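Each remark here refers to the structure printed beneath this line.
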Amino acid sequence: MTVLQGVRTGWFTPAQEELRAGLAAHLAAEVEPHIPGWEAAGRFPVREVLAGLGAGGWLGLRFPREHGGAGGSAWEHVVFAECLGGLSSDSVGMTLTVHNDMVAPMIAEGGTPAAVDRFLRPALTGEYVLAHAVSEPGAGSDVAAVTSTATPVDGGYLLTGSKRWVVGGLYADAFAVLARLPEARGPFGHVLLMVPFGEGVTVTAGAPTLGLRAAGVAGTVDFDRVFVPTEYRIGGHGLGLVTQLRQFEQERIISACRALAIADRLLERTRERLDQRISFGAPIGSRQDVSFRLSRLRAEVESARQLAYTAIDRWEGGADYRSASAAVKLRSSRLARTVARECLHLHGAAGQLTESPANRAFRDARLFSISTGSDEMMMTTLARLAGWDD
Amino acid sequence: MTDTVSTATAPQRDLAPLVTRREPAANPDQDYADRVAAFVAAHPELLATDRWEDPAVPPVRELIGALGAAGLLRAAWPAGTPGPDGRSPRCLALGRAIQLHTAFAQVANGAPGAAVLTQLEVGTRLLTGHPELLDGLLDGTVTVSLAATEPDGGSDLSTLTTRVGRDGDRLTVTGEKWFISNAPFADLLLVLADDPDRHTGPRTGPALLLVDTRQATADEVEVTALAGSGHTGLTGSISLRSAPVLAVLAPAGQGLLTLMRHWIHERVMLTVRMTALAQAVLDDAVSGARHRQTFGSPLLTNQHVRFLLAELSAEVAEVRSAALQGVRLLVEGGCTAAYAAMCKYRASVLLRRVADEAIQLAGADGYRTGHPAERALRDGFGLALAGGTDELMLMQIERG
Amino acid sequence: MTVLQGVRTGWFTPAQEELRAGLAAHLAAEVEPHIPGWEAAGRFPVREVLAGLGAGGWLGLRFPREHGGAGGSAWEHVVFAECLGGLSSDSVGMTLTVHNDMVAPMIAEGGTPAAVDRFLRPALTGEYVLAHAVSEPGAGSDVAAVTSTATPVDGGYLLTGSKRWVVGGLYADAFAVLARLPEARGPFGHVLLMVPFGEGVTVTAGAPTLGLRAAGVAGTVDFDRVFVPTEYRIGGHGLGLVTQLRQFEQERIISACRALAIADRLLERTRERLDQRISFGAPIGSRQDVSFRLSRLRAEVESARQLAYTAIDRWEGGADYRSASAAVKLRSSRLARTVARECLHLHGAAGQLTESPANRAFRDARLFSISTGSDEMMMTTLARLAGWDD
Amino acid sequence: MTDTVSTATAPQRDLAPLVTRREPAANPDQDYADRVAAFVAAHPELLATDRWEDPAVPPVRELIGALGAAGLLRAAWPAGTPGPDGRSPRCLALGRAIQLHTAFAQVANGAPGAAVLTQLEVGTRLLTGHPELLDGLLDGTVTVSLAATEPDGGSDLSTLTTRVGRDGDRLTVTGEKWFISNAPFADLLLVLADDPDRHTGPRTGPALLLVDTRQATADEVEVTALAGSGHTGLTGSISLRSAPVLAVLAPAGQGLLTLMRHWIHERVMLTVRMTALAQAVLDDAVSGARHRQTFGSPLLTNQHVRFLLAELSAEVAEVRSAALQGVRLLVEGGCTAAYAAMCKYRASVLLRRVADEAIQLAGADGYRTGHPAERALRDGFGLALAGGTDELMLMQIERG
């Protein structure tokens, strides 16, 4: 069914396809073979993986070359995201996405030269790991309700507060942190700060989770009167929330591309497996019920992928992509969840083993609908953008 | 963008220049859009909703005639020179076809668009290789319809009962066709018929024939409008009794292949139309939810309603993206049967879902005959069969 | 698949099964053959049908014998509803349900002796047709918001107002009407009146609808200062809404039984048809996709039926059946809609003809989710009964 | 009610007296309920959630031993005299089994209930005809497990690789079993094995054998706990290498038939348990939605949330009704394979849906290992296979 795939349908240039081939080969050779071991250990050497990607020139492809990027477009990041979706562990995929597509872009676009030098350049060579500390206990999807506070002081801010569920938090060298200003109210009362791991920063491992078991998820990251210099602020004073929300709109499209690539891979693997497995005298894949279930999901994945590409096209073309971003995040998250669930079931008893890729894929994929903009948040956003909440 | 990456650690890598997507839907042809809008404004009598709803006989011939006379069909037909921005004639034409089908999806509950699509994207397209007929078709003076399906035959066209015959030295065709769009209004019929006796070529199997209903007697070609719950008045059944064959469009054994190639185009354009229909129904539902009051507040103040509409709008956006990509692939000549089937399948599911939910949101009013959602649901069932059933689409997707 | 059916699973007594057999045979012989003609004409001779049912003793089976009933239980009305679901026109099924299970019960339970004599007795012999005028323009599911007003006058009320979407309204001899008292507010400010068709009552045919085309649906029933004597009031002065809402809780279970019987019949007919129809060299019914789709729906219908029977069991046993009533109304309405939609599609082009039974069934069945308590109303009710709207 | 109808027009009709449904779930046995509650209160150490979650080894033997010692298994076993209200021993016992499984669905995220069901409704039940073994099983001093599935064998038990053999005059069995509930804790194994050489009877085909793991060497019977994502620690794989057969429960050709009859019972009781699990998850979700705040209000103030919970509660009520009807039919001896399959299929769909939606409602907290919804979802995938896959259930429903 590869003819339906995003590749070879005219969205990507030959150079981008070459990039895809090279990156996919690198991941297949250098990363995928280690995944069972990493998953069993509950952690992976993110620094090593990032160094390999940095050495290959695959990080920050869309950022300006003067910032350590490759001056490319969002399309190269789509390729990157789709290649990550080809990996059987989304602990790896998600951690790298946070680094390359959630935190790095904010520095590249809103960081001071000092922040670029301090955080972005080493991040793009893979020497330095970035994480995103945005959720708070009790706040959930309600980003504006953060209670972490950045008190302006001479030359910077004193940051105090507690963040939770930080993917890659156990591995990170620095955190992007959204905090409110003291006494501030409303959308213009926040700052976004890059905070290096160091004195005053306490990272605690999280409780075990359904999936993402090797993603180094920090249960809490506590900041206790951490001094952050003004030059590590991303975007303007008071504009932290606005900067963050704008970044969400982009990263959600990239997340959607990874989610859809995961769904794509699962459908393909499941069909291969069922075409081989014999039950009641015939390959299970030859049964029309199973086959149509896979084809229906395939159709949804392929059409959602076109929505993702359309969103990227609008982004690159300077058009409004906010609705497309929310729409494809919603669709892709639900699809990844549905596809992973169906494929897990179709793997039968073999899929029940925690270590089986189908099992892990399901456990990992369930997070899409919850994190980086829950499904409910996306529906709220779509309704708001359409002007339905007057 | 053509210069190389200069950071110390990264190897040299040539990144491709940004591709400006030459998509048919991008930079729509404003002149054409204005002409379509003017046409709609100028023909209220042809486009009144009640003329397209039972018991009226829909003015299909008049509409196609008027559209042709206004040059709107010809402008949406690939011919001539590239556009000023370097787009190919095919790209220009399909871009306009998208505009035409989208605009007509909003007219008279979308009903007139069904007739237009059959004329332009099915009949005329299958006669691309017949320049002597094209003029009349594009001028709207000649109407055309494709007669492939047989009574209760469904998607399986491999077992046809319609047969090619011979009467002296003229070819004839005999059989029954059923659920045929535009049949009650067609001058020309494209008829798929089995040819076991090799009248049309050296092989057996389905042939595609041209029958001119104007040159046939009422006994040779009898068309009856079907009382369908969807596409009211637009479909018909056809009895052919030794009807004279005007031309063999594809000889025995080639008929199905010709149609299979054609269906890629038809299914993509059907998807464009169905997505536009779904959007029109959704827009109407939003507007209804703003105005309809329940328990003292507009319906739209219900989170349940907003979430549902948001979900549906995401799905419409998704299928529209897929459809437009399909058109791009048509322009480039690279659309596969599987891709077109995927589009058609998704649109078919989408339209019925949006219509069904919109009926629910409208309550008793949605249950009224002619409510946009109600009509769309009835039409949607027919569209789930037209151009191939959902199940056939799934088989195509499976084959890849 | 009849082994799954509600019959023969111990809920019904042999006498009730005998009742079912007799009634089903009567309907098959005397009603079903006429349906195509009635549907084409857009009306059916409800009086004749009711007379036949009355003569057979099949009306009002659960009402006290001293009121003209048969002293039976709700189970006999389940049998009645299930037999109506076996008819290929729900114009007939719905109209008879309104008569026998929506209006008649209110008179039987809350009517004065005069109302019983005037309305119920002749209704149960089939001489007199009852309809229910409850919806109003703009009120929809919000029954409490009626603006029709009953002004108390000497010996009765003067009723003025407009009702809409009255099933059987064109056929009815009398209407049950919910009206508010002047100046009244809140749940105890209504009366429920039995109003004979006559002076001051204007019945107007409705706009054509998707289904229920032979149900004699009145678009509006207008009451212009109609005098209604006190003895035609059902329930107490001020208690009209309460009486009505309580009746809804019962009629919804009966409606659910009819909806599920319709779904049952459609699944059976569709399977029969697909087992006969050959496509691509094999019966369509032998394809696993189609077969499993039908089996999945069959499972839902059968389990929902058990919920309906459980609700009836609670009703008859004096237990609280309100949640079960709302739950089964929601489930059965959605199921009837889904089953009818799937079956229509599986009928292919033949199902596209307006006159085909599969087409009619779909058009008729779509009303369940909208009328007699919409799906949204049922979800609201379930949440309220569970105490979630504190 | 027995007198006749007296109205003038209606014919005489005898209506049956109101039937008081003698349902196992009606009038629950309060004494038994109290004993179960007391048991749960008295054994916090056996029923602590973390003892049933990886990496702990769940205390299955201890739990079954304690339940047996408390007489709770025996009381839920059909034997003895009818109840004071005339209910049959079978009705009384199944009524208590419902109470037991329902109560245990709420204990330690429902995990202990899995082990209890396997002991009581699977193993013990299959040994009904062996009074010499029943005492130990009901006292909880002997544990038992059914080993039918083979590695990657799925629902297809017609092609077994496990074989009956003979070593001198003793029967043996050799092969691999997989995904076997309670296997790591079983004294007795019921093993389904092919018997091509007619060791167990005059015919070939699957036989059902009894193996006593206590009498076998570690080499003859090797059991390994599986690291499953659901039913943590409860399932195992079994290697049998000429393991001694204690008894032939069903000779060759009869093994599958025995199981098929058994599965009717197992599937209904599984449905009871799964419905109770779904209810427990739903209750937890409601409680969470009351307490979890988003955007300054409890989650439950969202109409979307209330509607979703309402919909789920309707579905739980539906499947519970179907399950209880299944138990009634078991009591009366009239439950068909199709009915049991319908129950099992609906419960399997229900449990995963409720768990999945409850995770969503709980947000990040729901993604935490051991959250009731999270555990239920993992277990739910296993339960969609246990006792036969969804697809096998659909085939059974189809057959009627």
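Per-chain numbering from 1; labels A, B, C and D assigned in written order.
The rule is short, and it goes like this: a contact is a pair of C-beta atoms (placed from the backbone, for glycine too) under 8 Å apart; a residue touches a chain by one contact, two chains touch by 3 or more.
The model shown is predicted, which means the values in this text are computed figures rather than measured ones.
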Relative to chain D, chain with the most remote C-alpha centre: B
More contacts between chains, A-B or A-D: A-B
Inter-chain centre distance, chain B versus chain D - centres from mean C-alpha coordinates, in Å: 53
Averaged-CA centre spacing for the pair chain D and chain C, given as whole angstrom: 39
Sequence positions of chain C contacting 2 or more other chains: 289-292, 376, 379
Multi-chain contact sites of chain B, meaning residues that touch two or more partners: 304, 307, 391, 394
Chain D contact footprint on chain A (complex, rising order): 135, 138, 140-142, 145, 164-165, 207-211, 277, 279-280, 289-290, 337, 341, 344-345, 348-355, 359, 362-363, 366-367, 369-371, 374-376, 379
Of chain A, residues touching chain B in the complex: 1-4, 9-11, 13-16, 19, 54-57, 61, 65, 68, 70-73, 75-76, 121, 124-125, 291-292, 294-296, 298-300, 302-304, 306-307, 309-310, 313, 316-317, 323-324, 326-328, 330-331, 376, 378-380, 382-383, 386, 388-389
Chain C partner contacts - residues on chain A that touch it in the complex: 287-292
In the complex, chain D residues that touch chain A: 149, 151-156, 158, 178-179, 226-230, 235, 292-296, 304, 352, 356, 359-360, 363-364, 366-370, 374, 377-378, 381-382, 384-385, 389-391, 394
Contact footprint of chain C on chain D as seen in their complex: 1, 3, 5-21, 286, 289, 300, 306-307, 309-311, 313-315, 317-319, 321-322, 324-325, 328-329, 332, 334, 336, 338-339, 342-343, 345-346, 391, 393-395, 397-398, 400
